[in-house]
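Read through the structures below before going on.
Below are two complexes that have chain A in common, paired first with chain B and then with chain C.
Now for the complex of A and B:
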C-alpha cells in the first residue's frame, strides 16, 4: 500500500531523467537526435519559452480536455445524470451541499486522526518491546508478517460486532488497519541501526535504555515517518470502509446514502472533499516530519 | 544482548550445533507464540469474559471450517475468480499504459502528472459508485478491483521502464534498434523487479477491492459471507470465512510469485 512512497520516488527519478533534462534546458537541433523517444518524426521548432512551460501546460490541457469532452458528451448524448453527471453538476453539488459536507467532515476526519494517533503510539510501543527482547521479536514478528497477508478490510464487520455500531468500532478498525505498517517499518528501523555504533555504546557501558533512546530511536525515525505516511492513508480507508458497513454520519455514510439515492453528483463531490481531507492529513504528517527532522538535525 | 544476535560467543566453537539451535528456535518460536495466542483465546472463552457470540472458542471456528467446507469453498471460489480477473485486467492495462508513457514523450507529459494526481483520490470511497454504474453483479466488483489495482501498477512499472540504465538504451540506439525493440528487449527485462513490486501492491488492492465491493452489495462471495455472518451474530462463521479468504489470498500470491519466477527464467535464458 505504499503508493505514496512510489510516487515520490518516481517523481524524483523523473526529474533526473536524462531525456527530460535535455528537453527542458532547450538544447538546439544537434542534441535532438539523442532524444530516443521520437527519432522518426522531427518535432516542429517551437520557441524555448513554450517548451519550458510544456511539462506544466500539457497535463493541465489534457485534464481540461478530458473534462470538457466529458461535459460536452453528457450534454450532447443527454446521458442520465444519475449515472454520469457532467463536471459542472459536480461543482454545483459541491457548492449546494457545502453545509452537509462540512458537517460530516469532523466525524470522518476525527476518527481517522484518532485511529492514526493510537496506531502510531501503540505501534512504536510494540516495536520497542520487540527490540527489547530478541525472543519476543522472533516469536511474534513472523506471525505479524503472515497476518499482513489477509486483506485486513475483511475484519471490518467483526469490529462492528465487537465494538458496536458507534464511533468506537470505526476507531478500533482504523487503528487496527493502520498499525501494521508502523510496527513493521519501525521494528526494521530499530534493528537496522549501525552495528558499529551499538558496539561502541556497549563498550562505553551504555544501558539498554540509553542505547534505545539515544541511538536506535533517532536512527529509526526515517522508517517511522515513511510508515506514518502509509498509515494515515490506511486510517482514512479504515474509517470509510467502517462507515460503509454501519454508521449514521460521516463522509463515507454520505457517499453510501447519495449513491443509494442515485445522486451521483453528490457522491463525486464527497469524494472530492475526501480527497482534500486526505491531502491535508498527508501534509500534516509531512510537516511533522520536517519539524522533527529539524529538531533532531541540530 | 538482543542487538547482536550473530556475534554470540559460541559461534566459533559449536558452529553447526549453534546454527541448528538458531534454526530450531526461529521455527519453533513463532509457532509457539501462535499456539500461546490460541491457548489464551481458549482460556478467555473458558472463564467467560465475553459471551460466545462475541468471541467463540477456536474449536467452534474449526468446526465451522470443517463442517461447512463446501459452502465456504463455493463463496471463496467466486471471490477468488473476481480477484484474479480484476487483477489480470489491471496488470494488462497498467503495464500497457506504463509502456505507452515510456515510449511516447507526449503521452508521458500529458498523462503522468494526472496519474500521480489521480492517486490522491481515495479510490476506496468510489465503491458505491461502481455499483451504480455496473449493477449488483460481478462486473462492478471486477471493475472496482481493477480501478483500485491499476494505479500502483502504472506508477511502479513506468518508474522501472523509464529508469533503465541509459548506457544500454544509448548503445541499442546506436545499433539502430527502434524504440519498440528497446522497450521489449532492454527496458522490459530490466524493469521486471519494479513491475512486480507494483503487481504485488496491486494484488493486495485488488483483493481489498473485491471484498469491499462485496461488503457494499453482493449476494454471494466471501466478503458478503463475512458481513452477513457477523450481522446475524454467527461469529464463528465470520472467522472461518476470514480464514478461507486468507487461503485465497495466499494462493493468489503464490501464483504471482510463480509467474515472476517463470518470467525471470525466460528473460535470463534468452540473453
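Now for the complex of A and C:
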C-alpha cells in the first residue's frame, strides 16, 4: 500500500516546471494584476496611425462626399438657387454676411446659455428637494414625467404673453424647455446611489445633509452631465423658437428675415452658424463630462 | 470540540441577542426570516455566523448594527440596548463600497469626516492602518486602480480607523477569488491579533469561519435559528498552514454534517 502514499516529494515530481510549460510568461499574484506597470508600447506604424484617425477621417470624408454630390447635382440640373443653393453659394453667403452673422450670435448664444444655466441650477435644486422628501417626490415626479410628454414648443406663445416680447420671454422659454431632462436624470441619479453605501453612512450616524453632500450628489454627477448634453441642445431650440415668434435680433430672427427675402443661401449659412454654436456648447458639456469621469477615476 | 451554547453569562456578554425574531409582512401571508435567536458574544471574541444563503444571518447582523428593525426580542451591545445606529460599531460588506472619486486614504478617512472628528489626529492612524495591510504605496490611488482584494483591505482599514469596539462583517470576502480570499483571511487574522475588537462575521464558507473564529454559530435555513455553537480550540495567532491539519479538517467536517442535518430537516418540512 505504501507505494501509493502521496508525499510532498512525489507531488513535486508530478508538478512540472512552469518555466518550460508557459514559455516565460510570468504569473502574477491576484493583488498586483491591475496595478502592474503598462507594457512598453510598440512604435506607431503608418497603418496604426490611420486606424487611430479613422473615427475622425471617415465622417469628414462622408460629409465631403455628400456635399460634392449635392454641388454636382445642383450644377447639372441647373436647379434654382432660391430653393436649393449649392454648398459653394452657402459658403459664399457665410463669408459675405460674416459681420451680420457674428453680430447676431451673442443674442442667441447668450440667452441659450442663460436659460441652460438657470435650468441646470433650478433642476438640481428641485431634484435635491425631491430627494429630501419622499412625499414631495411622490407628489411631484409623476407630474413632471406626464408634463415631459407634452410637446413643449406649444407653450412658446404663452411665454410671450406672460413675459412680453423682450429677452425675458425667450430666456423663460429656453429654461422651461431645457429643465426637464435635468430634473428627471438628476433625481434618478440621487435615488440610484448604491444602497449598501447608504447603509454604511447610516451606520456611521451620518445626517441627511452629510449623505447628500458626500455621497448622493457626487454619485449623481454622471447622470447630471448626460442630462446637460440634452439640455443645452433643447435650450438652443427654445431660443430659436422664441426668436421666430418675436424678436428684433438673433440668429433665429436672421433666418426669418432672410427666408422672407428668399435669400436661401443666407438662411442656410445661418443654420450652419447655429450648428457651430451648438457644437461649441456641446463640446463644453462634453469637456465637463470628461473631467467628471477623470475625477471618478475611470 | 463540544457545543458550548449559553454558557456565557449575561454580564460577560458584549453582544447579547435575546429572543430575536424577524417577520416580514405580518398577517396571514407572513414570512418568518428569523425565529427566536439567542446568542452572546464575549468582549474581544471573534464569532462567525455560518449558514446557507437566505438563512437570515445577514439580517441578524444588520439588526446588531441597528440597521434593521426587530419584530420581537432585544439586542444589547456593550451593555446598552440597540436603538438605531451607533458610532462604536464598525461595518464591512461583501462589496468594499469605497467612494469611486476618492483616493484610498480619503476613503479610509471617510468615517472621520462623517463623525466630524479631527482630520489631523486620525490621518496618521489611517496611514498606519493602510501601511499595515500593504497599501502604503497606494494612498493616492482611486478604487478603480485597485484590485478586489486591495479594495477590501482598504475597507478593513475604513472600518477600524475610528476605533469602534465591535466590528460586524457581512460576507466581506465572498466576492473575491479563492486565492485572494485566503490572503484576506490571513490579513484579517493579523489585524485581529493587533487590534483585538469584538467581531461578528457572517459567512457561508466553513473553512473561513473555522480559521478566523473563536466560536462558530451554525444557523438553519429559513426561518433562521442557531442550531450549533462550536468553540474552535486553536490558539491565536493562527498560521494559515493550520487549514491543512487533520484537526482543522475534522472540525470542518463536523460543521458540514451539522449543516446537512439541517438541510435534511428542511427538506422534510418542505
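In this section, the second predicted complex is superposed on the first by the 223 of 298 C-alpha atoms of A that agree within 3 Å, B and C clash if a C-alpha of one lies under 4 Å from a C-alpha of the other, contacts with A are read in each partner's own complex, and residues count from 1 in each chain.
Just so we're on the same page, contacts are C-beta pairs under 8 Å (C-beta built on N, C-alpha and C of every residue); 3 or more make two chains touch, one makes a residue touch a chain.
Bear in mind that the values here come from a model prediction, so they are computed numbers and not experimental data.
With both structures placed on the common chain, the touch criterion links A:286 to neither chain B nor chain C. With both structures placed on the common chain, the touch criterion links A:82 to chain B but leaves chain C unconnected. When both complexes are overlaid on chain A, the residue A:139 reaches chain B alone and has no touch with chain C. In the superposed model, A:194 lies in contact with chain C only, and not with chain B.
Looking at the shared chain after the overlay, A:202 reaches both chain B and chain C. By the touch criterion defined above, A:252 reaches chain B but does not reach chain C.
Taking chain A as the reference, the larger set of touched residues comes from B, when chain B and chain C are compared.
In the overlay built on the shared chain, the residue A:278 is in contact with chain B alone; chain C does not reach it.
When both complexes are aligned on chain A by C-alpha atoms, chain A residues 35, 199, 202 touch chain B in the first and chain C in the second. Of all residues in chain B, only 1-5, 25-26, 29-30, 32-34, 37, 54, 103-106, 109-114, 116, 119-122, 124-129, 131-133, 151-152, 155-156, 158-159, 162-163, 166, 169-170, 173, 178-179, 182, 197-198, 201, 204-205, 207-208, 211-212, 215-216, 222-223, 226-227, 229-231, 233, 235, 238-239, 241-242, 245-246, 249-250, 253 touch chain A in the complex they form.
Residues of chain C that touch chain A in their complex: 62, 65-67, 84-87, 89, 91, 93, 95, 97, 99-101, 110-111, 113-115, 138, 141-150, 177, 179-180, 183. Taken together, the chain A residues at the contact with chain B in this complex read 1-4, 6-7, 9-11, 13-14, 17-19, 23, 35-39, 54-55, 58-59, 61-63, 82-83, 131-135, 138-143, 149-151, 153-158, 160-162, 191, 193, 195, 198-199, 202, 208, 211, 233, 236-237, 240-241, 244-245, 251-252, 255-256, 258-260, 262, 264, 267-268, 270-271, 274-275, 278-279. Contact residues of chain A toward chain C in the complex are 29-35, 194, 196-197, 199-206, 210, 214-215, 218, 295-298.
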